C-alpha cells in the first residue's frame, strides 16, 4: 500500500509565485530519479512536486565508482550527473510522470551556458512540467571548471540564457551552492537575470579519505556533502536570502529529516521544501514529513502553513 | 512491491563468523523471489549512520508464530554490520524489501551449479529450492578464506546432489579457490548454468570459467549502495546490453544478479571509454 | 588518574616549520579554555600543544545565552569570544601554563586590524608561548561586520599588522574560515602577508530555529557549526590548501573524533591536528586520539607519523 | 577530581513521571559532595547526539555489590533524556563526574529549608543528610505542577522535621507554588538558609522570599551546557561578585549552586549593561 498524506484540517497548500501546490514537500533533485521508483512507496501525485534528477543535453555515464561515502549524519556523493540526456528523458521519464498526473519540476544542467539553453529549449510545452530548476552548481567547463553558482556573473549568464530559451510563463528556480562567501550576492544576481525563485541549497564540497588506502574515497576525489549534518548551514542560507529578498519564492532543502526540521525551513523563509538524502533512509519520507509538519502545526493551533513562513524574521520587522 | 517494514528482531544466532538474524516483515515472504535483498536501517533518528545496509535474503517464513519473517546472514566488519549483529531479540528493526531483481531461472530443467563465497552463500539456498522444484539438478560449491567463514554446509549438502568445499587455508575441504573445483563440477554435473554470489574477484573468476565452458553464469554483485531502491545512482556497474552497448547500470534495481559475461569485470570502478555517455577526454 | 599517551614504537612527533612537538594532537581554540580544567582529565603537558581560547585586548562578556544548540553530529555555538582580556590572560592563564610546562599556542582576536596588533604586542617574550594563532574568523567592525577571513585583503592586513608587532622568531598561524568561495585564495593571501602556517578550519556559519518559538535558537541568531558533521568539509579544505601550498605548515581541525579521523587529516596534508567539539563529549579525547592514531599506524606497519602526511596527494605527483 | 567513568546500568526504576537510574561509577562516591552533578554521554560513536546531558547526583553508594554506584533522576522530555530513560540493566553508560561546585554548608548548626521543584529535589536528600550530620534542623518543601511530578516525598518526610508539599493543580498538598508556603516554613523553623533546586522561575521566587526574610539562599541553576567541565563558556549566568561587579560565570564550574541574591534573575539570557566586559552599544 502506497503511503499518502493523512487527512488534516491544517491548510498545507503553498505557493511559489503563481504556482500552487497541495503540499509543500517536494523531492530533491538527484534523490528521487524521475519518481517512478519512489511511486512504489508513496503516491507521488500526493506530494507537492517531483523534482527530477538534473538532466543534460546528451546521455551521460557519470563518474566511476566509488561514488559515495557515508559521513557522520550525512553522506558524500560524486555521481557526476549520470543520465539519459534530455530527449530520452522527455520521451520516457516525463511522459510517465505526466501520465501519472504528477506535478513535475525538471532540473536541468549543462557544461556551459549554451548547453543550459539548449536543454531548456527542449522543454517548451511539455505537459506536466510546472517549473524548471536550473542546477548551476555544476562545473563550468569554459571557466577552469569553476562552479557556475560560485560566481555571480557566470550564474547570471546561465539564468539569462535559460530565460531566453523558455516560454515566459514557465517559472525558473536557480539552485544555489552554499560554497560561497556571500550567498545573497549570488541570489540577487540570478534574480536580476530572470530567476523567478531560488532552490537553497545544493551540497557542500567535501572529501572523505579512505584510511586504508590513504587516498580520497570517491573516484572524483571531492564530492557533495548532504544530509542532516548540513541542515544548520542550509537554514542559515534560507534565512539570509529571505532577509535579502523578502518576496522571492524559495524551495528550501538540506538535511530535512522530519517535520520539526521542515518547520525550521519554513520559519526561516522557505515556501516549500525538498527532501533529499533522507529518502535513502526512508522511501516514505516525503509523505511522512508532510504528515508530521501538519501535526505539529495542528498542535500549535496553527490553521495554515502560510502563517509560519518567514516567522523567524518577525523580530526584525 | 517493496515496502518499509517496521519489524522486530525475533532471533540472532551466531553461526561461524556470521550472525543469522530473523526479523518480522509481514509482506516479504509472499513477494520474495530468490536473489532479492533487504535494506536495513542502522538505528533510529538518533543514529549518525543514515544509510541503510543491504543484505541478501537467506530465508523467508510465512507461517511462523510471528507471522512473516525474513532471515539474513550478517558478517560484522564495520559500524553498520556490527550494529545489526549486536541486535537482540525484541529490538525494533526497520527493513525495506524485497529489493532487487531476482535470479533468472532456466526455462528447462537443466543442471545448475551454485557457488557461494563466504556469506555470499546466503541467497543460494532458496534459489536451490526453486531450481529443484523445477526439476533442475543442483550442485553446490562453498568457498571461504577459512572454515569459520563457510556458510550453510549442512544445508547445502541436504539440498544438492554434490557439495564441494574450498578454503584458502585448507581448514575445510580443498585448499584453494572455488574456481579450482568448478570446472570439475561443471563437467560431472553437465551444468548449463552457474549461479554465484560472493566477492567481486570470485564472481569474475567464476564467470570466466563458465564462459570457457560455454555455459551461462548469473553473478550476484555487491556494489556500495546509498539507497538500494534505484533513485541515487551510486551502485552502478559497467554492463553490456543486448545491443552490445555498455551502460552504467544500477546494481540495486537492474541487479544485483547480472549475467557474468555481460559484466565488464576488469573495468568495474571505471567508466570504460565506450560506455554510453562516457566523458570525452578531459570531461566529467 | 590523568590520562597520558600510551607508550608506542611509532614516532608520533611532528614539525610545524621549525617547531617540534612530541605529539601531533593539540586542543582547538575555545574548546579547552586555557588548559586548566582539562588537566584534571589528561596531563596537558603530554599532548602536542594547548591552543588557548581566542583572547582580545579587553575583558569581554561574550553574547547572551542561549549560546549553543545541538545539531546532528555537531553543535552550533555563539559564545561571542567571552574572555578576560590579554593582560589578565597573561597574568593568570599563561603563567599557569608555563609553570606547568605546557606548550602553548595563544589564539588572539580583535575587532579591528589595530587591536590584533596590540594583543600580539603584549605577547612578546612571554615564556611557554611557542606560536600565535590569529583567529581572523571574527567580524571586522570596521567593515560592516564582515569576517576578516572572508576577504583576502582584510585577512592579509591583520596578519601583516600582527607580524609587525611580534618578534620575528615567533611563528604565526592564520586560522581560516571555510565560508568562502575559494579558501586557497585566502590561504595564499595570508601566507604572503607573513603567516608561517595555517589553522584549518574554523566553524561554518549556521542557524538553528527553535520550533517552539519559531525564532533562531541562539541569541546571536547565527552561530558556528562544529563537530563530526563538518569533517568532510574540513578535510577538503586541508587537501585543497596542501595542494596549493605544498610546504606550508597546517594544523587541521574540524570534527575529529577518533584516530581514523585524525589519519584523514594527516593524509590530506595536516602536520598537526586540533580537537575541538569532541572534547566536550570526551575530556580525554586529545590523549585517546593520539593513542588511536599511533595504534593504526602500528597496525599498518608505519614507523613514523611523518610518512603519512600528505599521502592522499601521492597520485597527483 | 572528576573522571570519565565507563560504567554499566545497574537498574532503572520508574518513579512517578521520572526514572531513577543507578549506574556503576567506581570513584564518584568517595569524591562526591551534595550538589555535584554528572554528565552522561548519549550513546556511543554511532550516536548523532554528541553532547553530554547533565544530571544532579541523587544518591551515591560506595559499598553495594556493584562497587561504587551513582543514582540520578531523569525526566524524559527530549532525545537525550528519552535515551537515558530507556536504558536497560547491563547497558553501558559513560558518565563524567563528580562535576560542579557542591552546595556551601553553613558553619553553624542553623535551621535550613530545602526547596525542590520537580526533579530538582534530587540533589537535596544527600544535602539534608549532610546538614543533619552537622546538627542543622532541616525542613523540606517539595513542589511540582502535579502529583506525578513530585519527587521523593517519603524520603523527604523521613529525613526532615517538616515536609510541605505544593502542586499547581492541587493533586497533592497545597494547591499553589512552593513560595506560597515558604514564608511560613521559614518563620516556623527559624531558618537561616534556604537551599533550592528547580526551574529558574522558582529559584528566582525562592531567592526573593529569602532576601525578604533577611536570610541566605543557595540556588542550584540549570543552564544549557555543552561541556559541563568549564571549557566551552555556553552555560554562563550574570552573577554579582564580592566586589559588586557582575560577571558572566560558568554555571558548570562556578555553580550550579549560586547565592540567590547574587544572581541577576531578571537578566538571565541577557548581558546586563554593567557586566564586566559588556559590549558597548552596537558591539559584539
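Note that the chains are named A, B, C and D in the order they appear, and that numbering of residues resets to 1 at the start of each chain.
One rule holds in what follows: a contact is a pair of C-beta atoms (placed from the backbone, for glycine too) under 8 Å apart; a residue touches a chain by one contact, two chains touch by 3 or more.
Because the structure is predicted, anything quoted here is derived from the model rather than measured.
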{"item": "Most widely separated chain from chain A, with each centre as the mean of CA atoms", "value": "D"}
{"item": "C-D or A-D - the one linked by more C-beta pairs in contact", "value": "C-D"}
{"item": "CA centroid of chain A to CA centroid of chain D, Å", "value": "46"}
{"item": "Centroid distance [mean C-alpha coordinates] between chain C and chain A, Å", "value": "34"}
{"item": "Averaged-CA centre spacing for the pair chain D and chain B, given as whole angstrom", "value": "55"}
{"item": "Set of chain A residues in contact with two or more other chains", "value": "72-74, 227-228, 257"}
{"item": "Multi-partner residues of chain B (at least 2 other chains)", "value": "45, 48-49"}
{"item": "Pairwise touch network: line, ring, star, complete, or other", "value": "complete"}
{"item": "Interfacial residue positions of chain A with respect to chain D in the complex", "value": "72-73, 228"}
{"item": "Interfacial residue positions of chain B with respect to chain C in the complex", "value": "48"}
{"item": "Sites on chain C touched by chain A in the complex", "value": "69, 71-74, 76, 150-151, 179-182, 204-209, 211, 214-216, 221-223, 225, 227-233, 235-236, 239, 255, 257, 260, 263-264, 267-268, 296, 308, 311-312, 314-315"}
{"item": "Chain D contact footprint on chain B (complex, rising order)", "value": "42-43, 45-49, 79, 83"}
{"item": "Footprint of chain A on chain B - complex, ascending", "value": "1-4, 41, 45, 48-52, 96, 223-224, 226-237, 247-248, 253, 268-271, 275-279, 283-284"}
